[in-house]
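Here chain A shows up in two complexes: once beside chain B, once beside chain C.
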Partner chain A sequence: MIRLDRVTKEYFGKAAVADLTLTVAEGEFAILIGPSGCGKSTTLRMINRLIEVTRGTIAIDGTNVEHYRPEELRRRIGYAIQNVGLFPHMTVAQNIAVVPKLLRWDESRRDRRTDELLDLFSLDPAEYRTKYPHQLSGGEAQRVGVARALAADPAILLMDEPFGALDPITRESLQIEFARIQRELKKTIVFVTHDIDEAIRLANRIVILKEGRLVQAGTPEAILTAPVDRFVMEFIGTDRALKRLSRLSAADFMVDAPSIGQEMSLSEAGSALADHRYLWVVDGLRRPVGWLDGDDLGSEAATAAEAMTRMDYRTEGIAADATLREALSRMIQGGIRGAPVVDEGGELLGEIRLSDILDA
Partner chain B sequence: METVKDLVHNPRFRSTLSWIALALILIGLVAGTFHTTKKVEYIWRWEQIPRYVLFKDSDLIEAQEDATVIALDRDGSDTVIVAANFLDEEQYYTVPSNLVTVSVGDEIRSGQVLAQWERWKAGLLLKGLILTLEISVLAIILGIIIGLFTGLARLSGSPAPKWLAIGYIELIRGTPLLVQIYIFYFFVGQVFKLSNFMAGVLALSVFAGAYVAEIIRAGIQSIHRGQSEAARSLGMNYYLSMRYIILPQAFKRILPPLAGQFISLIKDSSLVGVIALVELTRAGREIGTSTFNYFEVFFTVAALYLILTFSLSMIVQFMERRFAVSD
Partner chain C sequence: MILAILTGLFLLLVFSPAVWTGVMRSLFPGLERVIYSMAPLGQLVLEHVFLVGISSGLAAVLGLATGIFVTRSWGRDFLPAVNALASMGQTFPPVAVLALAVPAVGFGYRPTIIALLIYGLLPIVRNTIAGIESLDGAVLEAARGMGMTPGQVLAKVELPLAGPVIMAGVRISTVINIGTATLGATIGAGGLGKPIIAGLIGENPAFILEGAILVGLFAVIVDTGLGLLVRQDIAQA
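After this line comes the complex of A and B, so read on.
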C-alpha cells in the first residue's frame, strides 16, 4: 500500500504538486493522468525518491520512504521509464538482470528469472536473451523495459508513460498483454499517462490531476458516469459514453441464444420459431452459419440450411472477450440488432443485443 | 564528339584519371626533393644511420696477471673464471658459458684473451625511441587517470571539485607545454626531489590530463540523460551507474578523440629533451651535432615517430571495431 499524505513539491517557490493526498491499495492499478505539467510524473518520482518531497510524507506499507536509503528503496520498487531506457551496451538478458545482480542473486537464479520474464512477455528466451536493444522493435524493447522493472519481483511497480512512444497498434496490443499480465501478477501499480483511453482500458482507479492538484479520483466507471467538473468532462471527452462501453465485456452482457441444427427440416424449424423472432442456425460443431426468421419459412426449401440467411462466424461473430464498444461498432457496421457471441473455436456461446448495450 | 563526352562522364575513367594524377604528384615530389638535394651539394650518407639504431659491439676479456684457474662457477648463462696468482690473490673474469676455453688447473698468462665475442647493442636512436616510448606510455596512463577524475569533478554538482577542475584545465590549456616542463623540472622537481625522468613524465601527464578531462566530460555529456536516470531508478548509486552504465557507453565515443590526444602526446614528448632527457628528438640532435648528417638523421627520427603514432592508431582502430559490436 502506498500512501501520500499532503505531499507538496515546490520548485523555486512554485508548486509542481500541491497538497496531494492519495492512497493506492495493494494490488490496485492506479493511473495518474492529466495534461502536461500537471505534476503526474513528479508525483511518481517522489514515490521512489528520484525527486524529494518539499512537504508531506509518502509511506509504503506504513513506513516513510525517507527511512530507506534511496538505492535500497529503488531496488524494491520496479520502475519502467518513458522511452524505454534500456542500456544499449548490454544484452536483453543483462538488461533484465540489472536489479537481481545489484541484489546479488546468484547467476543460475538470475538466468532462471530472465527466461521466466521473457516467457511471460511472449518473447522466446533462446532468441531474445542475447539480442542487443538496437535489434529489437519498439514493442519488443518496451516489453523488455517492463520485464526489467519486474525482474526482482517487486510488490510495487511505477510506470512513466511506458507505452507513450509506440505506434497506436503496438500500443494497444501491449496494453492488452499488460492487462493480462497484471491479472496474473496483481502488483500494486502507479502508472502515468496522458492518454485517457489507455487509462480507461487499464486502470482500477484513475486519478485526474491539474496544476499539481487532485481534481477527481475514482474507478473509470465512476469518472465516466459522474465527472465532477467541466475540466474532467472535457478531459475525458464527449464520447465518454462510448469510452464506458470499452470497460465492459461482451461476455457479461450476452444472453442465451436460441439455435437449431442446420439439418433440421423447415417445418420443425417453424415450430421452434414460434417462441422467438429469429433462430441461429449452427453447424455440427455448433458454429453459427446463418440465421432464420419468419420470412424464411415461406420458401420452398426443405432444411433450415437452405432457407437461412448465411453468415460467416469468423467475421460476424463477436469474441467473448471483446468489449461492448467493439460489439456496438460491429452491429452498426452490419446494420443488425443482435450478434452471436462465439469462443475461440467459433462455437456459439450466446448472443448480444443492441437494446442491452443501450441499457448498459 | 558524343564518345568523348561519354568518356569524360564515365566514373571509371574519372577514377583512373585520378589515380594517374596521384602517381604523377608523388613522382614529382620525389624528383623535386632529389633535385633540391643536388642543388645544396649535400652528400647523403645513409649507410651511417643503421649503426645509430643497432650496432655490433665486440667484447674482449683478457687476463690481468699470470695465474692458475682454481674454479669455474656457473652464474646463469655466464661463467665466472676464478684464478689465483702466486700470492693466492683471487681474480674473477665473467664470460659467456659457451665461450669458456680454459679448465680448472690451467695456467693463464697476463694479456691472454680468455674470451672474445660480439653482440648487438642499441644505438642512440633506438635508446631515444625506447625512452620516448616509456615516457609516452607512462604519461598516457597517468593522463587517463588524472583526466578521468578531473572530468568527473568538472561535472560535479558541488562547487569545490567543479571549480578546482575548471581552474586546473584552464591553467594547463592556457600555458605553453615547454614552460610547464621547465616549471616541473626546476620548481616541482626541486621541491619534491624528482629525477628529470619523473619531472618529464609528470609534466606530460598533467598536460595530457587537462585535455583528457575535457574529452571525457564531453563523452559523458553525450550519453542521453535517460541512461543515468534509468540507472538511478533501478537502484544504482553514482559509482555503479558511472562504472557500468555511463562510462562503458561514453568510452566508445571518446576513443577517437582520445587517440588523437595521445598521438599528440607522443609528439609533444619531444619537448622533454630540454630537461636533459635523451629521447628520440634529442638523440637525433646529438648525432647531428657530432656527424653533421642532419638530413638522414631527422628523416629517420621522423620515420620512427611515425611508427609509434601509426601503431597507436592501429590499436585504437582495432579497439573501435571490437566495441562496435553492440551498436
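After this line comes the complex of A and C, so read on.
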C-alpha cells in the first residue's frame, strides 16, 4: 500500500504538486492523469525518491520512504518509463537482470527469472536473450523495459507513460497484454498517462490532477458516470457514455437467446415464435446462421432455413470477451436491435439487446 | 597486421643504421654525414617514449577525472568554465607553453612533460565531457530509477557507453603529443626531436628526415594500436 499524505513539491516557491493526499491499495492499478504540467510525473517520481518532497510524507506499507536509502528503495520498486532507457551496451537478458544483479542474486536464479519474464511477455527466450536493444522494435523494447521493471518481483510498479511512444496498434496490443499480466501478477501499480482511453482500459482507479491538485479520484465507471466538474467532463470527453461502455463486457450483459435448428419446419417454428418476437436459427454445430420473425412465417418455404433472414456469425456475431462498446457499434452498423454472442468456434452463447446496452 | 608491419619497419630503422646510411646516401649524395651520431637511435626512442608515456598517461588520468568531475551534479558548476578552457587551450601553441614552463621549472624533460601534459589534457577532457553529455537521458533515468548508486551509474553505464568517445580523445591527445614532444629537444629534453633540431641548426636535411620519419612512424603505430582498443570497445557494445 502506498500512502501520500499532504504531499507538496515546490520548485522556486511554485508548487508543482500541492497538498496531495492519496492512497493506493495493495493490488490496485491506479492511473494518474491530467494535462501536461499537472504534476503527475512529479508525483510518481516522488514515490521512488527520484524527486524529494518539499512537504508531506509518502509511506509504503506504513514506512516513510525517507527511512530507506534511495537506492535501496528503488531496487524494491519497479520503474518503467516512456523512452524505455534500455542499456544499449547490454543484451536483453543483461538488461532484465540489472536489478537482480544489484540485489546479488546468483547467476542461475537471474537466468531463470530472465527466461520466465521473456516468456511472460511472449518473447522467445532462446531468440531474444542475446539480442541488443538496437535490434528490437519499439514494442519489443518496451516489453523488455516492463519486464526489466518486474525483474526482482517488486510489489510496487511505477510506470511513466510506458506505452506513450508507441504507434496506436502496438500500444493497444501492449495494453491488452499488460492488462492480462496484471490480472496474473496483481502488483500495486501507479501509472502515469495523458491518454484517457488508456486509463479507462487499464485502471481500477483513476486520479485526475490539474495544476498539482487532485480534482477527482475514483473507479473509471464512477468518473465517467459522475464527473465532478467541467474540467473533468471536458477531460474525459463528450463521448464518456461510450467510454463507459468500453469498460463493460458483452458476456456480463448477455441474456439467453431463443433459438431453433435450421431443419425445423416452418409450422413448428411458428409455434415456437408465439412466445418470442424473433428466433435465432442455428446450424448443426449451434452456430447462428440467420434469424426468423413473424414476417417470415407467411412464406411458402418448408423449413426455417429457407424462410429466415440469413446472417454470417463470423462477421455479425459478437465475441463473448468483446466490450459493450463494440457490441453497440456492431448493432448500429447492422441496424439491428439484438445481436448473437458467440464463442471462438461460433457457437451461440446468448444475445445482447440494444435496450440492455442503453440501460447499462 | 598493419600494426605488426609498421612496428617491424620502425624497429628495423632504429636498430640497423646500415639501412639508414644506404638510403640516405642515395637521397643526399652531397652530404658528408647522413646519420645522426650524437646519441644511439634506441636511446632517443626511449627518451621519446618516456616523455610521451608520462605526459599522456597523466593527461589521460587527469583528463578523465576532470571530465567526470564536471559532469557530476556536484561539479556541474564548473562545466562551462572547463569547457571554455578546453576549447581555448587547444588554440594555444605548444611552443608558447614550453617557453613559459622553462622559467618555472628550468630546462630538461620536466618543462616538456608539463607542456605536453597541459596540451594533451584538452582533447581528453573535451571528449570525456562530450561522451558523457551525449548519453541518452532515458538510459540514465532508468539506471537511477532501478536503484544504481551514482558510482554504479558511472561505472556500469556512463563510462562503458562514453568509452569509445573518450578513447578517441586519448588517441588524438597521444598522437599530438608524440609530434609535439620533438620540441622538447630545444630545451634539453632529448627524444627524437634531437636529430631534427640538429639538422635544422647544421643545415642537414638527412638528420631532419631521420627524426621526422621515426616520429611519424611512431605516431602511426600508437594511433593504430589505440584504434584497435577503441574498435574492440565498440564491438563489445
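Here is the rule we go by: the second predicted complex is superposed on the first by the 360 of 360 C-alpha atoms of A that agree within 3 Å, B and C clash if a C-alpha of one lies under 4 Å from a C-alpha of the other, contacts with A are read in each partner's own complex, and residues count from 1 in each chain.
Definition applied: contacts are C-beta pairs under 8 Å (C-beta built on N, C-alpha and C of every residue); 3 or more make two chains touch, one makes a residue touch a chain.
These numbers were taken from a predicted model, which means no experiment stands behind them.
After superposition on chain A, the partners chain B and chain C are seen to clash.
Of the two partner chains placed by the overlay, chain B and chain C both lie in contact with A:89.
In the superposed model, A:74 lies in contact with both chain B and chain C.
When the two structures are aligned on the shared chain, A:48 is found in touch with chain B and with chain C.
Of the two partner chains placed around the shared chain by superposition, neither chain B nor chain C is touched by A:163.
Contact with neither chain B nor chain C is seen for A:291 once the two complexes are overlaid on the shared chain. In the superposition on chain A, no contact is made by A:278 with either chain B or chain C. The superposed model puts chain C in the path of chain B at one of 26-34, 44-52 or 80-88, which is 44-52. Annotation: chain A residues 48, 50, 71-75, 79, 81-83, 85-89, 98-99, 102, 148 touch chain B in one complex and chain C in the other. Partner chain C is touched in their complex by these residues of chain A: 48, 50, 70-76, 79, 81-89, 98-99, 102, 145, 148-149, 158.
Every residue of chain A that touches chain B in the complex is listed here, in rising order: 48, 50, 71-75, 79, 81-83, 85-90, 98-99, 102, 132, 134, 148.
Looking at the complex, you find that chain B touches chain A at residues 226-227, 229-237, 240, 245, 248-249, 252, 326-327.
Interface residues of chain C facing chain A in the complex, by the touch rule stated above, are 136-149, 152, 157, 160-161, 236-237.
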